[in-house]
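Chain lettering (A, B, C and D) follows the sequence in which the chains are written, and residue indices restart at 1 in each chain.
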Amino acid sequence: MMLADEIREKRQERDILLMTHIVVGYPSFDDSLRVVEQMVAAGVDLMELQIPFSEPIADGPVILRANQQALMAGSTVERCLVFAEEVNRRFDIPFLLMTYYNILFKYGVSDFTGRMAAAGIAGSIVPDLPPEEAKDYLEAMGRNALEPIFIFSPNTRDERMRVIAKHAGGFVYCVARKGVTGAETSFSDEFAAYLARCRAATDLPLALGFGVKSRSDVDFLRGQVDIAVIGTETLRVLDEHGVDGVRGFIEGLR
Amino acid sequence: MTDRGYFGEFGGSFIPEILVATFEELVQAYEDARSDPSFWSQFVSLMGSYSCRPTPLTYAENLTKHFGGARIFVKREDLNHTGAHKVNNVMGQGLLVQRMGKGRVIAETGAGQHGVATATMAAKFGFSCTVYMGEVDVERQRPNVFWMERLGAEVVTVKEGTRILKDAINEAFRDWVTNMDDTHYVLGTACGPHPFPEMVSWLQSIIGQEARVQVLEASGRLPTRVYACVGGGSNAMGLFGGFFDDDVELVGVEAGGRGLDSSAHASRLASADATRGVAQGYKTFFLQDRDGQMRETHSVAAGLDYVGVSPILANLRETGRVRFEAATDAEVVEALALTMRKEGLIPALESAHAFVQAFKEAPELSSDDVILINQSGRGDKDIFTIADAFDDPGWKAFICEKARHYDAR
Amino acid sequence: MTDRGYFGEFGGSFIPEILVATFEELVQAYEDARSDPSFWSQFVSLMGSYSCRPTPLTYAENLTKHFGGARIFVKREDLNHTGAHKVNNVMGQGLLVQRMGKGRVIAETGAGQHGVATATMAAKFGFSCTVYMGEVDVERQRPNVFWMERLGAEVVTVKEGTRILKDAINEAFRDWVTNMDDTHYVLGTACGPHPFPEMVSWLQSIIGQEARVQVLEASGRLPTRVYACVGGGSNAMGLFGGFFDDDVELVGVEAGGRGLDSSAHASRLASADATRGVAQGYKTFFLQDRDGQMRETHSVAAGLDYVGVSPILANLRETGRVRFEAATDAEVVEALALTMRKEGLIPALESAHAFVQAFKEAPELSSDDVILINQSGRGDKDIFTIADAFDDPGWKAFICEKARHYDAR
Amino acid sequence: MMLADEIREKRQERDILLMTHIVVGYPSFDDSLRVVEQMVAAGVDLMELQIPFSEPIADGPVILRANQQALMAGSTVERCLVFAEEVNRRFDIPFLLMTYYNILFKYGVSDFTGRMAAAGIAGSIVPDLPPEEAKDYLEAMGRNALEPIFIFSPNTRDERMRVIAKHAGGFVYCVARKGVTGAETSFSDEFAAYLARCRAATDLPLALGFGVKSRSDVDFLRGQVDIAVIGTETLRVLDEHGVDGVRGFIEGLR
């Protein structure tokens, strides 16, 4: 089944889905695996697996540091792909790869997408790859029946949203506000107008990320978007309370 | 889709969606400026009254005699206000910021040169200013931090990544992603997403335009070869810009560090160690590992140890229009010493790379030949590094004494 | 008997007999050069290709708005090669040395600026070079010592007397007395025996000549007042030289140090503390005790703490053509901070004295008035002093860290 | 009797006269007095009393340092003049003041020469005052019947020597070579030619200074000049052997 349909189906059961995020190999591969376990057990609906990159330009300080530490701890692209394969085999939710374009480019976009498909990954998010630069990527993703997740931002104009939507698959990732991952967002009227614009631009499910960190945030999003993305906050919980703190945190969100 | 600034296979604009509108605005402002002749004349007049453009062309008579080959001329970007060519780009972007009606600028800096230039421009234009600088660079370039702060800029120490230039660029992008409405990111070299490589090269081309006229006037002919050091590539693009249509050989000199086979260098176009990649918003040759993770680089010159390089230069290497060479740290210190003694000129360590290659080639040319070296900056700023390179005992004693004095208080 | 360079009652040539013939030769060479138009055009062309003359005139728009009075223009001697107006005099004397066929130059230096300029000139002209510098100045101006040595000059630390500028001058004379046949003494300011005050003022008048044309062009009128700091008096004489025949008020600003009533200052013409005297070969106002022994002086600016002053300026005070004021250390640091933030300019501490007085007077003038400040040098060279003046903690930590690093090796 | 005649008369008895030099107040006024005593006892014929100055431009390092130390020890112009008066009263040789022009200028040239005359001083040597600058000085010296000692140097041209001689009184001080006080001099053929030029330019007695330091130096000068000047070397002896060493040193010279 296509990812978008899978999401729509799940939404029949739940009024909002949760997508969480990990940096693969942070703080170690063992811990990453246990975190995935906890998250799945806590009822997470989708997961982003970030392959660390040395220049994560669109990430805030918390995820940035996790990228670096994962690299220092020996996270390689190969190990990340093996990890992705393993979690996909063991857990029954859709997994997405999230990384920067250089990781795909250097590996070879065609080979990389082939590996993704072989690992059973549903799709990928590449934040520094706008559709204008994504010709090879889109072709390869299509060839491998993978979902290219694209991004809307508050200053993406309507017309451009429609162009992006044309290339997008699975769902569209809407960033809640200007800025990098992990800072505060206030959910204002302006925000409502933004979401309306996103809705108008695409039939795909909408995920909302950047700054979601508490049950009240999730409550607020209920009914407005399909997926709430919890990124930085899980890393904070992991750092503060260890692997065992993750499950309780996620369960408390919904 | 709009033109995304490709030069052959290099360049492009690999940016987060949140910045797309900002870049569109910038591209628009840049194109408007470029097609408006009054912009360039305003730029030239600003640089003539605030910096000292045209910067002179100096005939290096003693070095010419010393090498006994080509006549050597030096383009004196070191005489610019703030001490390097960086100010050309920065003041030009300042005018653009004014056009765009923004009130804040941010910049990354490695050597500190570009940060000081940006802080200076911000003071002059009345913008508020934040400069991102890697912790390693803050430590080794404290004088520049001091001046930036005195000029009214906030200097943010970047403690992420390898804590050098590329990390400062990442951090500046993070700021921009948050504050693009009122903020312009003054990128310091001919790298980054479109339109930066093209725009910075255009603003810096004031160097080459002047130099071409000056060499013709001083020597009656075009240079046989011109030499410029290559960090990000802005001074090289600036100088080369005057000679693309001429039968002039263009030579870019990268940081050879401890040698091209040592892996402690920053040579992306002259060595085989770099490979194609996409980072910091554009496609070029990067010093990266097999996975695409950026590697550590090394150079005695803080302004040259960048992992990427101008996509325009990457393409000019592919087309063969520009030749690339590398100069080692040791060669650089030697060329610097010679230039000081023979001509009373103190090139920046970055610029001294260009001198190294010119000195290697001058003797094999004839006295009919003219070669032109870009002295992109002055060496004063490098006193801590240069004094260390010469292992100067008087300097060390002075610093230790000064420290004792501070400790005592 | 020949003209001995009197200006009113000041000047003259009080020299040991052994130097008389040398001075006669110098006077001759100077007079020949002065009456030979090709000398001046050679000088102008050298300065245009080696330094960056004409130096720009910068309109200080933000300071003008800030003070809300006269339009403020700044003459940018800081953009000269080696960073100050000193190089004008030095390169001019270099041409004279060439004419005289000598092969060695000596110089005194206080702040180090003049020493660096002379070492630079010597490198360029191929002269050997010895620079005398008081021990106190060597200690506080080590960066300049480092550059002089790298430029190939021998720097002799003067441990006699108060171990500052005047003692370096004495020592340079002692060298000259011994080696006059092949050696020229490049005096650094408009002081000393004839023809130095006149000759140095003449060479520096390139500043005023340029500035007059530039101000007229930029503002359509002559300045109401022009301001220059006064150490020995060379940059002031240089700037004033363009305006003597005009209805322009000339203001010289001396070092007020800790205040004119503190006795810790270097104010010879603006304070009542100085008296007429004869020393270092000429008659002028000196800061001396009742017996005629020279007193210690103080200024935050190493280039202004000299006991004597140009005899030409002494006379211009007597005739009332030039007004003299003093700026205190504290005022200087404040004016410097303001100028950095408002204009992105970093005047040398010396030059900042002129800014202080201009800032005091600008508000009382109207927007029809134009005032002109001579930025005689750039402040980079002063980082150790300026960082101390601002008591900068980051700087101190940097120095202490650096020292720990040296100590460890 | 005029100083020149006094010198000529003494020269009838001795084939060379000795003139020595002290810096008044160095290392103390008491020591200065004892040094004069020793010198006179050793048979010195004339003495220069140097009033210390902070900027002794024509003096070498040894005398320079003595100037500074004397000043630091409290030597003032007034005390030097009182000292001059006292030695002149107590010892029966001609004394000259040596100092820089600023000392006279600041005191008032007229007053200063008046004080010199009152103290019984014979004349003065002012090395930074060439005759061209000496109008006031010459008038005042003349008024007070004091001898203005001027200087010849090897690069003083003949014509100028004659001009200087016209203004000079007492004797002419010939510097042996280029340079400041206290360095080595080699007595060459060139030197003989120089002395011949000095002789031709004036009828006044000739003193020769700068670098005379041993009996052989004095022997060499015998018959060539009237006065050998020992300056720096006595200061060196004083520094090394104390006041008591001075007499033996002087006696050994002749």
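As a working rule, contacts are C-beta pairs under 8 Å (C-beta built on N, C-alpha and C of every residue); 3 or more make two chains touch, one makes a residue touch a chain.
Please read all numbers here as calculations on a predicted model, not as lab measurements.
*Asks:* Hopping along touching chains only, can you work out the least number of steps from subunit A to subunit D?
*Replies:* Minimal hop count between subunit A and subunit D: 3.
*Asks:* Based on CA centres, what chain would you say lies at the far end from subunit C?
*Replies:* Chain A.
*Asks:* I'd like to verify one number: the distance from the centre of subunit C to the centre of subunit D, where each centre is the average of its C-alpha atoms, in whole angstrom.
*Replies:* A distance of 37 Å separates the two centres.
*Asks:* Please tell me the distance, in whole Å, between the geometric centres of subunit B and subunit D computed from their C-alpha atoms.
*Replies:* 65
*Asks:* Could you please state the distance in Å, as a whole number, between where the Cα atoms of subunit B are centred and where those of subunit C are centred?
*Replies:* 33
*Asks:* Chains as vertices, touching pairs as edges: which of line, ring, star, complete or other describes this one?
*Replies:* Topology of touching chains reads as a line.
*Asks:* Going by the contact rule set out above, which residues of subunit C touch subunit D in the complex?
*Replies:* It comes out as residues 1-2, 4, 12-18, 20-22, 160-161, 166, 170, 173-174, 177-181, 275-281, 283, 286, 288, 290-294.
*Asks:* For subunit A, which residues are in contact with subunit B within the complex?
*Replies:* Within the complex, subunit A contacts subunit B at residues 53-58, 60-61, 64-65, 68, 71, 76-78, 100-103, 105-107, 127-130, 132-133, 150-157, 160, 164, 175, 178-180, 183.
*Asks:* In the complex formed with subunit B, which residues of subunit C make contact?
*Replies:* Its residues touching subunit B are 48-52, 55-59, 62, 76, 79-81, 83, 119-124, 126, 139, 142-143, 145-147, 149-152, 218, 337, 340-344, 346, 380-381, 383-384, 386-387, 390, 392, 394-396, 398-404, 406-407.
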